[in-house]
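To start, the structure under review is shown below, and the notes come after it.
Each chain carries a letter (A, B, C and D) given by its place in the written order, and its residues are counted from 1.
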Amino acid sequence: MGSFRGHALPGCFFLTAGLWWAGRFSLRYATHRTKRLSSNSTSTRMVSLSSQRRLEVIEGSTILFFSVVGMLAEQFAPGGPHLHLYDYTEQHWDKLHNWQHATMYLFFGLAGVIGLLVHTTGAAPLALDRLMLAIAFFMEGFIFLYHLHGRAMLDVHIHQLLLYSVFGQALLSFLEVFHRGNILLELLRASLTILQGSWFWQIGFVLYPPSGAEWDLMDHNNMMFITMCYSWHLAIGSAHCQPGLLHRQLCGTIQIEEHPSHGDGTAETQRERAGVRG
Amino acid sequence: MGSFRGHALPGCFFLTAGLWWAGRFSLRYATHRTKRLSSNSTSTRMVSLSSQRRLEVIEGSTILFFSVVGMLAEQFAPGGPHLHLYDYTEQHWDKLHNWQHATMYLFFGLAGVIGLLVHTTGAAPLALDRLMLAIAFFMEGFIFLYHLHGRAMLDVHIHQLLLYSVFGQALLSFLEVFHRGNILLELLRASLTILQGSWFWQIGFVLYPPSGAEWDLMDHNNMMFITMCYSWHLAIGSAHCQPGLLHRQLCGTIQIEEHPSHGDGTAETQRERAGVRG
Amino acid sequence: MGSFRGHALPGCFFLTAGLWWAGRFSLRYATHRTKRLSSNSTSTRMVSLSSQRRLEVIEGSTILFFSVVGMLAEQFAPGGPHLHLYDYTEQHWDKLHNWQHATMYLFFGLAGVIGLLVHTTGAAPLALDRLMLAIAFFMEGFIFLYHLHGRAMLDVHIHQLLLYSVFGQALLSFLEVFHRGNILLELLRASLTILQGSWFWQIGFVLYPPSGAEWDLMDHNNMMFITMCYSWHLAIGSAHCQPGLLHRQLCGTIQIEEHPSHGDGTAETQRERAGVRG
Amino acid sequence: MGSFRGHALPGCFFLTAGLWWAGRFSLRYATHRTKRLSSNSTSTRMVSLSSQRRLEVIEGSTILFFSVVGMLAEQFAPGGPHLHLYDYTEQHWDKLHNWQHATMYLFFGLAGVIGLLVHTTGAAPLALDRLMLAIAFFMEGFIFLYHLHGRAMLDVHIHQLLLYSVFGQALLSFLEVFHRGNILLELLRASLTILQGSWFWQIGFVLYPPSGAEWDLMDHNNMMFITMCYSWHLAIGSAHCQPGLLHRQLCGTIQIEEHPSHGDGTAETQRERAGVRG
């Protein structure tokens, strides 16, 4: 939907998802380290395991719900195609932009469904949820890539910048298939999701300014400012991944000397995962 | 062969291969998990090991057979070059498109031969079959890449989309050299093979429509539709990878609580492989 | 700052950082191997562990200090924007180049802050310092990439060459998240940092020659020379990574026969790390 | 040197290197598997270890020798720059192509020197030889990449194809830093080296035909033929990597049933390496 609201809607989705992931992953990291010190009993692990699974189920349902909302909005909002793909009277495709956006939501919906299946039935390999997420992000970027023909320079540029975060998320999700539970990959993915969400808002403000003051879409200085603005969004977005870490720092005792094995992220998470799964 | 049948033929090959792989890998995943619960005796493993090898031999022979069929069809079909490469009378290369297609089949034929050698004699390292498959897919994409000069916009675009699945298959096969038996890589490769097969049919229907109604090859809306259509093919193609998983879900008991170690795909397959090979 | 000094300043920063890393990593490699032979007591390891951490803290503080210096220089040097981003009287962005350079310094400053946090409090996963460094290098390259519109051919080319080392450093830092302590990745990163530093000087000499003799920015031969010159910089830069290795060679006894396990870099560093952390 | 002999010389170098590697790696693979069956005593391993090191030293010396020969030929052959870089009388760079070729040889010479240092003194990490080889191949490709401005279409295309094998070799050598001794990576690198060597000859025959019959450098059909020709070179080149494997097959007994652990290439080589080094 080429409008301010059409960009604000996905912006809200991705902002919410990114902030949720940032909070969830950084708090899990903080609590796990504390827990490891106090108790290592099997019952605690079981509780942790089932609560993790419950979170994943809630996540899958939410993604599915918002994807369906997005698809319906693209199809049945005023001016939408109402499921008509081809206009036989005028012999051309009907409202392809709406159809393309609905397709993007479709893949996120599939990722939600698969996430639900994986975590409720256990019939599929666990990492399939991350793989579907990687595919959903990749297809979003793929459709955007061929979405920009014949637009103004700044319009193309501002959407291209979006692709950095989208393909970055696809790559990170794919890496998580092999390095599941790596806190750094998870937090970086959360940062990029926040970046994507806030950037959708930025696109809305630049291309459909609510204040009415139009941007000059062919001005080279605007392009340079937008590029820099993108990096600021990343800096602010990644700052939201710190709360769990700071929380740990504030209420944590000085545990470093006693725990010289606070190794790199990989070794860290392997033990962590062993704690969760084992 | 620039014709509907010239695209339908490889389409059938890749569709068959993709559906076969999807069925084989997902069923192997489903049965292995069930088997692990019931019996772990060495004799069962031996049976499984030799049946796996028999499947690989059948696969290699089939790939080899269809590659030879494809090469002969490109060379000796009416209008083919009949092994003449250079036309000395008119001083130019003869029917280079047919020669290029035959070269693509050649590399798949080599992959079939190597697969046969690896699994019948054991003289070569096991992962060589996946490496040759990666090379075969890469060379297919490589030749396609330089195959499209001076064609119409939609013609170029629809072939370029094919390259996503071809290079994706090459990359996944190469990753399987290092992560052999990872169910997710295998199913993703199967999905991309189905996608490639169905896309060949799509190309045939768009460029050489049997109904006779020509597509406008320079219409930008057609390009946007085709891009979206490609993503639908992927969604439908990957749905065919679920039967084994669903089968397991339907006849499987709730085994998750008893098996808290149902880790990520990697750990999964390592144990699985140990079960098969060890 | 489009001036000789504006390129010499970051050149000094990166040269210093690169030489420091080259010396630190190669000497650590040399001494660890010697130490492993003589003593393996726990107390030695503790000393080594805390001295490593102290070095990281000093490094983080230094990076932070020079980033702040760089940001202040870009903002408040004569001709700088003095924190004004938009010129309301003339309706355009103000001194965007300075703002972009300050943004680059900002990300290095963030990397310094995170490095300090990681190594003083232990609240965050250890590998986060390398991840932030990777992001800082990536954002530097990203901003440079969209920084070069409408310049002369040689100007564009000489800055593009810089991107090889910048994105190379980003990639190597990201790999270090997973392979922390791998001496080869560390030395290669040091080499590329030296290369980036010396190349900033080269850019200064070519675009703003202190001698006054202007280069012809459209001459194709100059481009070819500059390309070759870049590879010489790399050759000379990587030579500075050898002192620690040579030192070991000079004072080391012939230890190879007694230690047939001098494996590849990976195995090497895992044991090394175990020595440091364990 | 823009001449037939200027392309035949590096062609010979790379062909020799590729065939040598193909023979060495495939024979090592074949003999190791046989040896593991018959004897596992420590003395055998010591012999194998020292013979491996002797081979590496010979290799390093040979690479160094031919690099020096190449550099001298580029500099002092009739028409070479004789170490003059800048022509002060005519104010332009002198014979930059020769200088660029000499720079390529320089990096291979450095790789040879480092290989010698690594395997004679043991002062540096073992994997450094592969890293230097990766850098040497990368710099060769890098310089070629900016070497082709303003040439005819076929001339550019035929050199671009070379870049596939050059960057492929760089990537494979870099992967060997982490997966040293993986037989598949080694054989693939050998194949690409043979491909590069034979392709240099092909370039010589196309651009400077000894028969005198000039190729039409702007003919699109020639480009398509050359692309296909490249894939044939790869097919023939990789066939030379099979002798060791075939040798094993011919004289090997059926050992598969007795050795169910003939795992994938990675596991294979890890044990192999343990046999060599341990």
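Note that contacts are C-beta pairs under 8 Å (C-beta built on N, C-alpha and C of every residue); 3 or more make two chains touch, one makes a residue touch a chain.
In this text, all values refer to a predicted model and were calculated from it rather than measured experimentally.
Two copies of one chain, subunit A and subunit C, form a contact in which under half of the residue numbers belong to both partners. Centroid analysis (C-alpha atoms only) places C farthest from subunit B.
Remark: subunit A and subunit D have CA centroids separated by 43 Å (rounded to whole angstrom).
Taking each chain's centre as the average of its CA atoms, subunit B and subunit D sit 30 Å apart.
Taken together, the touching pairs link the chains into one ring where each has two partners. Two chains count as a pair here when they touch; such pairs are A-B, A-C, B-D, C-D. Considering their complex, residues 46, 49, 92-93, 96, 99-100, 103, 106-107, 110, 117, 121-128, 131, 135, 139, 142-143, 146-147, 149-150, 177-178, 180, 273, 277-278 of subunit D touch subunit C.
Contact residues on subunit B toward subunit A in their complex (touch as defined above): 29, 157, 164, 179, 183-184, 188, 219-225, 227-228, 231-232, 234-235, 238, 245-246, 248-249, 252, 254-256, 260-266, 268.
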